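Look at the two complexes coming up: chain A is in both, with chain B in one and chain C in the other.
This part shows the complex of A and B:
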């Protein structure tokens, strides 16, 4: 039970990091709070669901499609909302309310379009992908089914989600630390005023970061049917709170802290599920408040937040 | 005539008179009761959000705490409602005291942490393990003390007291001090205002208002589930109504409730998602173009908004 909880926690932790990563990137670069993050995740989940239902498309390519679609939604949305917001007196607080309004609009439109019924994608769809990859490396055909890790069996979809999340996090790391635009992004995160003074086109950098943030949310949404249960238009709010718990535990504005936050969150979630399952729902909230009060800057935070 | 007297005569008395007379003219008492509850909650939120700038996203936690404080007194101690009601308010204040450390956070962090706190309270109250105390997720029934007329009157008294409190804040040094803290806490502190104390007083008053509203709501509806009194919708409605009307004014939240809750009852009950779309779009529009609500529009035309 202990090993099982630990490994499952690690898999979920990687997935939770992916959920939090986009939110943290947007916060880190623009100092605005995207309260509609969970709703973009929900839209990504619906996109994957429709791609699967209409075109029988496997969720794995859907990840890339979801990312690209929502990254390109993010760019115009940035120019529509954010520059105006940043001119206001208290952008952080106003963004909080503005994106709350956006989340309500998204939820309402999705409800009007799809109704409130719960939807899901069969869990073996990701299993097929895992089996194909395993078969490629093993040199022979591998059966779709539960995956064995250190003597414990897990649903193949968990392993696939965990691994894919890990890859996505790695890609964001490469973007931030190995590309020119990522370098500029980190400059804006570090000090916005000085970045402007050195001639960096802050709006362009921010718009790309915003697009990537939404794209990551949507990509995380593709796994939602496997990791979070069936998808409904109303699922966004809870996801947003979870994402906040994850990034606050890590450190606000530090994308790599998110990975630590996600893993801490995932493992403690799984241990709660195994040992005190009836109180597990309480965990994100209590963990969030406790960490905020004890270490307002998060586990990896270097200094007290200015905000 | 001093401003404070004028505000009492022009705002408080007409509102109270309207809610006192309307039930004898208009049959749907529940609707009028809901208007009063939302007006009370919106004004309560106005105390903390309008005057201090802290947006409590988990404001409904105090409402729920009030409802449960009231109900548990009635169920376990068989207290008469009018004695249980202050206990409900006390439960909300106790929760607020417990949450005062949240003021170490500011802006969005405070809001998120407060939301998390309200959800945590909800998870505890609705946990099946606590069924013997809180009835868990199975809900509360207070049919023994059911008395809609008296509950309606009590709600009216709570509403009157709340509006009175906001009128006081609007016209007193205390309210001015709160607004100074909202604008610039450091300068306010240098001007001799005890920032921490004033802020905490506003916070506790705001929680007390929500707790009393929750208690009287529990009494009036008499049968409810944890999801009913901890529904995030209460917070959201109160925030939207206050934003729409105009924060830190007396009349703004009242107008907000009358107009928006009126629209909600016209279109929202049959098709809630259309109302959700409407108020979502409304929030976005307000933040982008009219961040200080209807009141600021009037002020721009040179009208003194109470």
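This part shows the complex of A and C:
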């Protein structure tokens, strides 16, 4: 029970790292809280659902499609909303109101379009993808069922989600630390005013970060039918709250701290489910309060953010 | 002299009728809530649509007959969206009573969103028409302002399930039962009832796993592993529709084969569950047989077949699935129609009296309407069913308990 909870928590936590990654990137660069983050995740989930329902498209290619579509949406959306917001006296506080409104609009429009009922994608769809990849490396056909990890059996969708989340974290790392745009992004994250003074096109850098943030949310949404039971237009709010807890645990403004926050959350959640199941859903809030009391800058704090 | 007396009586009755008609309101104001979004939307919207179907039918016919005014009066529905939020629901229930001054207060679907209405209605001395809020603690001897209309009280739902486990179970090899439930009034009460029934049976059946989880739970993989570790012969999952969808998904994805698996909503909202977990996910799952699955003899209102046809005609273009909750909303309308035809005024306790007068006499597509003295519904009944492979790729639900209603044999262990 202990080992299973630990490994399950690791996989579940990696998924929540992916969910929080985009939210933290946007906060780190723009110092605004995107309360519609969970709603973009929900839209990504519905995109995957409809791609599967209409074209029988496997969720794996849907990850790339969702990322590209929502990253593209993010660029114009940034220019429409954020520069005006940043000119305000208190952009952080106003961002709460603005993105809360956006969240409500997205939820309402999606409800009108798709109804209120739960929607799902069959779990074996990700199993097929995992089996195909495993078969490629093993050189023989692999079953599409659950996957064995360190003697424990997990749904293939969990493993796929964990791998995809790991890849996404790696790509964000490469972007931030190995590309020119990434260097500029980190410069903006470190000090926006100094970045402007040195001639960095802050809006271009921020728009790209905003696009990546939405793209990551949508990509995480593709896994939502498998990791969160089912999808509904109303799921966004709850996801945003949990993602916010994850990034506060890791460190606000430090995208890579999100990984640590996600894993801490995932493992704690699974242990709570195993040993105090009735209280499991209180966990994000308890961790949030504990971190704010003990280490307000998050587990990784500012030191890493400035590295 | 006799002629004069008859004439006087006739004049008096005509005058009374004229006064009654003159005092009659232009419309009967019904107030309710629904959840168009959030966790309870999928059980709230079908109930709301079922109620609206009845209202539209009655209004198309000139209204509903109200004995208190001896005439047909149109119905006006005031409905607000609580978005599955209990705090919002509490505010809106107050608004319906104090601002809109509705004549009849109807709760939203399900125990969670009804729970906040119970004390509010009681404080305002408004009779609460509780559609499907089945929590047993809502019904107490000191609260006359509530009656459960379209759903049996939670404490009796699992009786057939528990009876099956304790009577036929040991013979089939069922001795160890695992129970996982969502900690809300609806399923929490059922879990208590299961515990009580099993304990009182002295059948040798024991609960080897008994855990509650928050209603918001959407992932059961670790819990399933823990249940498997307890080596149960039967697994009972008591949750709402979204819980059952996530649970059955996780069972499939984990590759775990439980010998006996019971969930509530596959029977209640079969269309919704089949869309989400597929026919394969429902294979050999045990569930309740609600009114949407059994064609009861009626003495009032449409039959199940007629209602199903009316529903699919009216709501063909919506995203709301037909199921037990649709039947429940329509049943609420039928009970109100009968009550208004019996009540001598729109006074709240008079409405209560009229509703209680139907107990044991009214038979709708939802079964026999019967209330206990506290207003809990005890007439409608939930036999135990099991999904088996159907001829057209859709799973077929057969009744397996009680024996006198059974049209199939239980398949155990689950293949």
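The criterion applied here is as follows: the second predicted complex is superposed on the first by the 302 of 307 C-alpha atoms of A that agree within 3 Å, B and C clash if a C-alpha of one lies under 4 Å from a C-alpha of the other, contacts with A are read in each partner's own complex, and residues count from 1 in each chain.
Just so we're on the same page, a contact is a pair of C-beta atoms (placed from the backbone, for glycine too) under 8 Å apart; a residue touches a chain by one contact, two chains touch by 3 or more.
Worth saying up front: this structure is predicted, and the values here are computed from it rather than measured.
Bringing the complexes onto one copy of chain A puts chain B in a clash with chain C.
Once the two complexes are overlaid on the shared chain, A:169 sits clear of chain B and of chain C alike. By the document's definition of touching, neither partner reaches A:205: not chain B, not chain C. Once chain A of one complex is fitted onto chain A of the other, the partner contacts of A:98 are limited to chain B, with no touch recorded for chain C.
Residue contacts after overlaying the shared chain place A:8 against chain C, while chain B stays out of touching range. Once the two complexes are laid over each other on the shared chain, residue contacts for A:158 go to chain C alone; chain B is not touched.
By the document's definition of touching, of the two partners only chain B reaches A:84; chain C does not. Of the two partner chains, chain B is the only one that A:244 touches; chain C does not reach it. Of the two partner chains placed by the overlay, neither chain B nor chain C lies in contact with A:63. In the superposition on chain A, contact of A:217 is made with neither chain B nor chain C. Working note: chain C versus chain B after chain A overlay, options 115-123, 277-285 or 367-375, clashing stretch identified as 115-123.
With the contact threshold set out at the top, residues 107-108, 111, 278-279, 281 of chain A are in contact with chain B in one structure and with chain C in the other. Of all the residues in chain C, the ones that touch chain A in their complex are 35-39, 41-42, 45, 83-84, 183, 211-214, 216-219, 221-223, 225-226, 229, 241-243, 245-247, 249-250, 252-255, 272, 275-278, 318-321. Taken together, the chain B residues at the contact with chain A in this complex read 53, 55, 101-102, 104-109, 111-113, 115-117, 119-120, 123-124, 127-129, 232, 236, 239, 243, 273-274, 276-277, 279-284, 287-288, 291. On the chain A side of its complex with chain C, the touching residues are 1, 4-5, 8, 12, 107-108, 111, 114-120, 122-124, 127, 145-146, 152-158, 226-230, 232-234, 238, 270, 273-274, 277-281.
For chain A in complex with chain B, the touching residues are 33, 81, 84-85, 88, 90, 92-98, 100-109, 111-112, 237, 241, 244-245, 248, 252, 278-279, 281-282, 284-286, 288-289, 292-293, 296, 305, 307.
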